[in-house]
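The following block contains the structure, expressed as structure tokens.
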Amino acid sequence: MKKVVTFGEIIMRISPPGNKKLIQSNQLEYYFGGTEVNVAISLSQLGNGANHVSAVSNDFLGKAATSYLNTYGVDTDFVQTSEDPLGLYFLEVGAVMRPSTISYHRSHSAFSTIKSSDLDWEQILEHCNWFHWTGITPALSEEAYKGLKNALLVAQKKNIPVSADPAYRKNLWNYGIDARAALSELSGLSTIFIGGPNEINELLGTNFTNDTDDFIKSCKYLQEKFPYIEKVFDKTRVSLNANWHKIKSRMWDGNTFHETEELEITHIVDRIGTGDAFASGLIHGLLHYDDQKALQFANASCALKHTIEGDANLVNEEEIVSVIEGNLTGRIKR
Amino acid sequence: MKKVVTFGEIIMRISPPGNKKLIQSNQLEYYFGGTEVNVAISLSQLGNGANHVSAVSNDFLGKAATSYLNTYGVDTDFVQTSEDPLGLYFLEVGAVMRPSTISYHRSHSAFSTIKSSDLDWEQILEHCNWFHWTGITPALSEEAYKGLKNALLVAQKKNIPVSADPAYRKNLWNYGIDARAALSELSGLSTIFIGGPNEINELLGTNFTNDTDDFIKSCKYLQEKFPYIEKVFDKTRVSLNANWHKIKSRMWDGNTFHETEELEITHIVDRIGTGDAFASGLIHGLLHYDDQKALQFANASCALKHTIEGDANLVNEEEIVSVIEGNLTGRIKR
Amino acid sequence: MKKVVTFGEIIMRISPPGNKKLIQSNQLEYYFGGTEVNVAISLSQLGNGANHVSAVSNDFLGKAATSYLNTYGVDTDFVQTSEDPLGLYFLEVGAVMRPSTISYHRSHSAFSTIKSSDLDWEQILEHCNWFHWTGITPALSEEAYKGLKNALLVAQKKNIPVSADPAYRKNLWNYGIDARAALSELSGLSTIFIGGPNEINELLGTNFTNDTDDFIKSCKYLQEKFPYIEKVFDKTRVSLNANWHKIKSRMWDGNTFHETEELEITHIVDRIGTGDAFASGLIHGLLHYDDQKALQFANASCALKHTIEGDANLVNEEEIVSVIEGNLTGRIKR
Amino acid sequence: MKKVVTFGEIIMRISPPGNKKLIQSNQLEYYFGGTEVNVAISLSQLGNGANHVSAVSNDFLGKAATSYLNTYGVDTDFVQTSEDPLGLYFLEVGAVMRPSTISYHRSHSAFSTIKSSDLDWEQILEHCNWFHWTGITPALSEEAYKGLKNALLVAQKKNIPVSADPAYRKNLWNYGIDARAALSELSGLSTIFIGGPNEINELLGTNFTNDTDDFIKSCKYLQEKFPYIEKVFDKTRVSLNANWHKIKSRMWDGNTFHETEELEITHIVDRIGTGDAFASGLIHGLLHYDDQKALQFANASCALKHTIEGDANLVNEEEIVSVIEGNLTGRIKR
Amino acid sequence: MKKVVTFGEIIMRISPPGNKKLIQSNQLEYYFGGTEVNVAISLSQLGNGANHVSAVSNDFLGKAATSYLNTYGVDTDFVQTSEDPLGLYFLEVGAVMRPSTISYHRSHSAFSTIKSSDLDWEQILEHCNWFHWTGITPALSEEAYKGLKNALLVAQKKNIPVSADPAYRKNLWNYGIDARAALSELSGLSTIFIGGPNEINELLGTNFTNDTDDFIKSCKYLQEKFPYIEKVFDKTRVSLNANWHKIKSRMWDGNTFHETEELEITHIVDRIGTGDAFASGLIHGLLHYDDQKALQFANASCALKHTIEGDANLVNEEEIVSVIEGNLTGRIKR
Amino acid sequence: MKKVVTFGEIIMRISPPGNKKLIQSNQLEYYFGGTEVNVAISLSQLGNGANHVSAVSNDFLGKAATSYLNTYGVDTDFVQTSEDPLGLYFLEVGAVMRPSTISYHRSHSAFSTIKSSDLDWEQILEHCNWFHWTGITPALSEEAYKGLKNALLVAQKKNIPVSADPAYRKNLWNYGIDARAALSELSGLSTIFIGGPNEINELLGTNFTNDTDDFIKSCKYLQEKFPYIEKVFDKTRVSLNANWHKIKSRMWDGNTFHETEELEITHIVDRIGTGDAFASGLIHGLLHYDDQKALQFANASCALKHTIEGDANLVNEEEIVSVIEGNLTGRIKR
């Protein structure tokens, strides 16, 4: 069994039912998630070992958070507790042309006050086959950034493949560091880059367009700058509106370009975590298949996540493979 | 802050969850609404003062009804109490080609037994910038009709703009007055007419078709008959089925014709109150913008209401403006 | 009032809310159903007498099951009780390209242990105008098969029309009989065959394609083999995905071919029991209208079922006729 | 099987969850009930035939109301439909020293506008073993009163035992008849009187206290006035608060006095319909047992109803007998 | 109409349903509250004007918070918005001997970052008849403490009565000020002291016991220290367990001692906010009745709050008076 | 960390909400449990390692079952999958004198068809500090009985303490073995006996009463027969009704008798699994404390379980110790 390690905040998502606004109902629903958590949970559902490193509050919320990860098979032995509260966010779910809205309560959270010196990456990354990180973690606090950097250095030393999803969220990054520099440094320590021209432009200040030619050029330029990166995987999304998307994926393996067919999601169930489902599908694919099937697997995983409630993709390998094989009618399995 | 006054029944809407029939669930959900209430609530959400005049039952339902209006910022100082019960209706929600069904419990309701002589419109309409009425109120009882007529006379005296949404609901009008005559009389006391050939045909016994030429002709004819009317605003709806509509709006400002782009709602959340959202968007637009932007604002407000649960549109000005500016993909706002 | 008799398992369906997986919620929702039950309930809702013959557990589940049928007007005087548990299944509802999944708990159920000798079909079928069966019942146990065969023999003797929906479900049929032989024998005792090339191929080992020509050929071949069969009715389904289907129906009345327009269901509410809604619509149509209107009625009934939650179609005759007449916009009925 | 006929309004009860006030939740829960309905449902649950005569609205509420009675085995063949709405009431549930509050919507209801001439009591009371009425029905409208009186005259002619629960509800009785005179007239046509000094004082203007001596005296006086009455059954309630009651029952059989042990309900689940549970227990008891066991059965039925949610007692005979036998610890039955 | 002003945090309470632990359900329920908010809401429900001064987040949570206060009639014109998140807490509800547990998320909240200089108390306290404060507000931040002190100074200048509920919550007070000194200073600016020996001991470092003699002594001592205080009101609670309490109240009016009867709450619905219900009942009593009735009113208000879900007491004046008059059986009001 | 192994069925409990009967609601709630599962979960919550051995269905129910155990920290590495369905039961919850009722669906379940030869107890019991069994497991099937017996033999060989809770459930034991003989054999292989005169009488055919003298005598007699048993622990329960119990515990350590104080649970939240909470409290106590504190811990654990929803006790060590220390008022912990 392959073992993947992730590092990031466990965050609680709270929302009123359906498309209601908060004041319209005294009922709420919650999930635990977080971009790296979502990747860990999905990799566990796909049959891999998953170990999530984090810090949670020392109260019943923190306990519920780790219990939730355990439910989905994620190991939480390296989750610390803190006297600060668990990060959380409230979500009002939009529809059609009305956007969903999020209110974050994650400043001063248990994770953001983590101590990087408490993380023994030599131990944590023992027997580890993959490490995954995203641009959220280094944005949350300097200690989180340091912790992540240490992890990447140890991973490099141990020759562990590292996937980077360095999306830049400008609302975060409030602790006084240059986001672009930090994300560049961390990307340079990674072997797989998840992103395309948009992310590369953000990182390197370039102006690539989103078409295939520029995708290839941007990948080459990225590898020039960060030679440790071996491959680039990117999904593209066409949003008709909040309920109807189309997903297609492409890759640059250092030599050649590949892309998938487009998958259409006409009735989205939950939009959150679909990027993480691409990442988890990709990691699973790269651990078990060749690149091209990995790309298809990531694309189908992303598409299927739109049909799953909550933050993490809970489909299994068989369901993803079935979509790759072209079974798109959703016929009941008895 | 602009202040709008509305007058009409506060009605409770009760329905089983989702698309269930009543007997399929012992659970129900409720909202308070009513066509003029919906307009008042939306205008308050858009930042205007809103004062709704009505009568409710002297029990916990009546108290809940006014509290509900207060929740959404509507002033209820001129809501009377009565020993008769609050009006209500039950709704079974349809889907696709299956219509929703409504059972009304509004005969003998607190509002229908309101006393017109108890309404001091001179006081109520003080500092008022707009008065809005619909064809429901005069249909409910003779006293409601009289109360409304008095309001319009005072509004005219005070030079307050008056919007009329004189839709004719034939199931109502049971108290022995000629509906067409009453609606004509009241429309003649209004400055803004919300409706198009259908409503004008109902009112004036004409046979205009729904195309642009006839829309313009019907507006001219209407203004000939009711010279106090200054402008006509109309939305047109294409219903593919109960879940999928397209909305487009047009106006006649006395001189020129304008129309909006069409907005498509592929996944309707709640169909009720979309006409009221057009009216509230229009009134807000006319109070704050020029005619053409008011029309676009009304059209976008109407479209967005299809994504909101309950009777009243709860979106804010920024959300409507964003749709006018072409942001239709419903991307999450973090 | 026409009276229809059905025979089969009453099965409880249990599912987590919405599109959740079981582990994602501690809440569940249930319905009672079963393919023949669904037909009986719908026929009752359409104004016919319906009498369902079955066996349930001798506990509060069995009592709730028969009470549920009574709610929808189905007579349960010939439902026996047994010390074995009620059959049930769990359903996780999919979306778009993700299939729904079912876990059955129906082996050793109260119905599967029914005693055929306890069923006095002479009495049960008194004053009966129609008998309906499906391929599920004979698949469940030898006694169920025998009971059904006895029913068909008595029906033939009494000249009661018999509709057969002999779909072959390969997961069932575990008691050691040849499914094809049994289904053929039972189809041979029926007057109306519900199915098309797929079902005929399953039954007779043929290879007809699904096009119109082959449909006609397959019907002729079927009647050659089973001359007691008078007519064949078939619906065809195009599944874009789990949420979006198109339904069209066709028939062979022994002499001529007819087909309906296609009905599109863009937002499916509940996919389960749509075949049963075709059957119940067909039976009602054949009992009250001519063949062609019966076909249209069956097609519209099937389409409308996709908008109803639960297993059985709960629409009334007026709603189905309205769809036949082309009212597809789902406009609210006040 | 004994068959009991009841006559009265089917009323819908709607309440927010738990002890919430209406404005505290957008969720509601409903039951159908009505004092005579509750008696009919319980008698059906106890294994008797029950036929409820009423009028309901000609819409989905009326259909749901009769379907609900069918669920619990009550025959609704003599339920008429009307264009007036179904009666309903809203309930806010209190606790400890806080009373529950009710808001009625039953004026002008479908039942109150019933036509007495449409009720063919000769047919309805065929093969009937018992007729039960309460003081609610004649209070609702003159036609309801006349319909009930006709029923009692036919019952007397047919020698059908008649139980009267002539509680006087002063908020009702708004149609201009003398309540005391009407209730006296109807009680005089009954064989079993359910009530004690309170009810007798209300009826006859007497001043009996509630102690045993006065109970006996009041019974004797009642029988003097209404010689057709054979026996009097009365339950006494001690209310510590809204959650904690004690129930004890007594009877006068014309010759002797009997009383039961006291049953204590320390954690009331639902207080509504406990009087009706006494009545249904009594009727079942008198139909199947001797007077003294009937009294115990009524007392235990009343006590057990406090543990059942909704308006009607849903316990079975075995459960009531078990309480009579002294099994009060509520041990789980596996 | 009397007008009361309160000042403090609006805090959101989130809890899993019933007695469940967080991880046991994905459903949550919420209320808005806060000790001073609860007082304001109750005073509004009792018919007084209530104006709550606070700061909330500038997002949909903040908007929902003020809308919630508006629902219950509390004026929020002086509620500021802030870029910090709304304070909230999670509650797991215990039972019998199992305590409820609370996890607070209120550090760095919108209220704790309020600017005292933004509060114009001269304007806020215009036409104000009462000001109420508790020990929570000054514990949250230095600015909150300063804002409160300014309010008390203005109130003193304007001769507005001030009630102090200076309970000391040791988990708060983290910003480096001496809690006892601050609470003493603020108590010295108040006219009504809510508390008894426990609170006085905390404040003044004394060792009074809880018996009547010591209560009187402690009051005298308190008035010696803080001569501006006119009267002392205290409730005493006997907790059998989490579900069963007894409440009794006492006062020292500067000259004489009074106490109430004990009220027993055998089935507690919600324990939170019962102290606030004592305070609001007391303030209403002192504004409208004599001292002794005010004490009884406070005691009954406190007892009744145990029967109300959520943080604030929602009973009306009539319900409290009824309890004072000895109506404790909770009989249904029809 | 101490590690405990348990062996038994994971069973799903499904019930309608509150005190409703199944037919009264289409909503259900579920938990996973099973007597040995409950012990494992509680021991994990108390900080011990817990490993549960079982077999579940090879579908989403089986997956949800093991995920549920993982949520609460129980290791499921030795849980097998089977093609048979997961065992489950339906529960209607009673109140006061109305018993709860259970309908089992556990015949032919995945666990009952477990193969004893597939269980490698040498491996499973490695590093194990305790083994616990109950009388349910051997009652379910011959293979379950054999599997358990093998476990006990290996435990004996490894000197692992074994607690026996050999309650005899007569509805089970349908596979043709003598229950008393089997339970005696298995008890003889255990070191700790959980039970008292009732259980000993069942096992040995004796007639001990439940008083202290006979308790001691029965313990001595038991040890005479089964010398491997070292100590006997027993809880006694006084049930006022289904909502109100008192719990007290006693022990015989081979030499002396001890007993605890009585704990009163006036408002039971959930009665199920309280015996298992006694067992888990006892095992934790014996693993970490002396006998007398273990007894108190078991008693308090049992009492506290009555306040927890679901089958397993979820309180932590601190909460139990607090009750032992006499904190019974359930005061909120902030």
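So that you can tell them apart, the chains are marked A, B, C, D, E and F in the order they are listed, and the count of residues begins at 1 in each.
In the analysis below, a residue touches a chain if its C-beta (ideal position, glycine included) is under 8 Å from a C-beta of that chain, and two chains touch if they have at least 3 such contacts.
It should be emphasised that the depicted structure is a prediction, and the values quoted were computed from it without experimental measurement.
S.K.: On the document's contact criterion, could you list the chains that touch chain B and likewise touch chain E?
M.R.: The shared contacts of chain B and chain E, listed by label, come to A, C, D, F.
S.K.: Sharing more than half its contact pairs with B-C, counted by residue number, which one of C-F, B-E or A-B qualifies?
M.R.: A-B
S.K.: Rounded to the nearest 5 degrees, what angle rotates chain A onto chain B on CA?
M.R.: That rotation is 120 degrees, given to the nearest 5.
S.K.: Could you please state the distance in Å, as a whole number, between where the Cα atoms of chain A are centred and where those of chain D are centred?
M.R.: A distance of 62 Å separates the two centres.
S.K.: If you average the CA atoms of chain D and of chain F, how many Å lie between those two points?
M.R.: For chain D versus chain F, the centre distance works out to 45 Å.
S.K.: Where in chain A do residues touch two or more of the other chains?
M.R.: Residues 21, 23-24, 26-27, 67-68, 71, 101, 104, 267 of chain A each touch two or more of the other chains.
S.K.: Going by the contact rule at the top, pick out the chain F residues touching chain E in the complex.
M.R.: 71, 263, 265-269, 303-304, 306-310, 314-315, 319, 322-323, 327-334
S.K.: Which positions of chain D touch chain E when the two form their complex?
M.R.: For this pair, the touching residues of chain D are 18-21, 23-24, 94-102, 104, 169, 171, 239-244, 267, 271-272.
S.K.: Which residues of chain C touch chain E in their complex?
M.R.: 24-27
S.K.: Please output the residues of chain F touching chain C within their complex, sorted ascending.
M.R.: Listed in rising order, the residues are 14, 21-23, 26-31, 57, 59-61, 63-64, 67-68, 85, 88, 90, 92, 101, 103-105, 107-108.
S.K.: Would you pull the chain B residues touching chain E in the complex into a rising list?
M.R.: Against chain E, the touching part of chain B is residues 67-68, 70-73.
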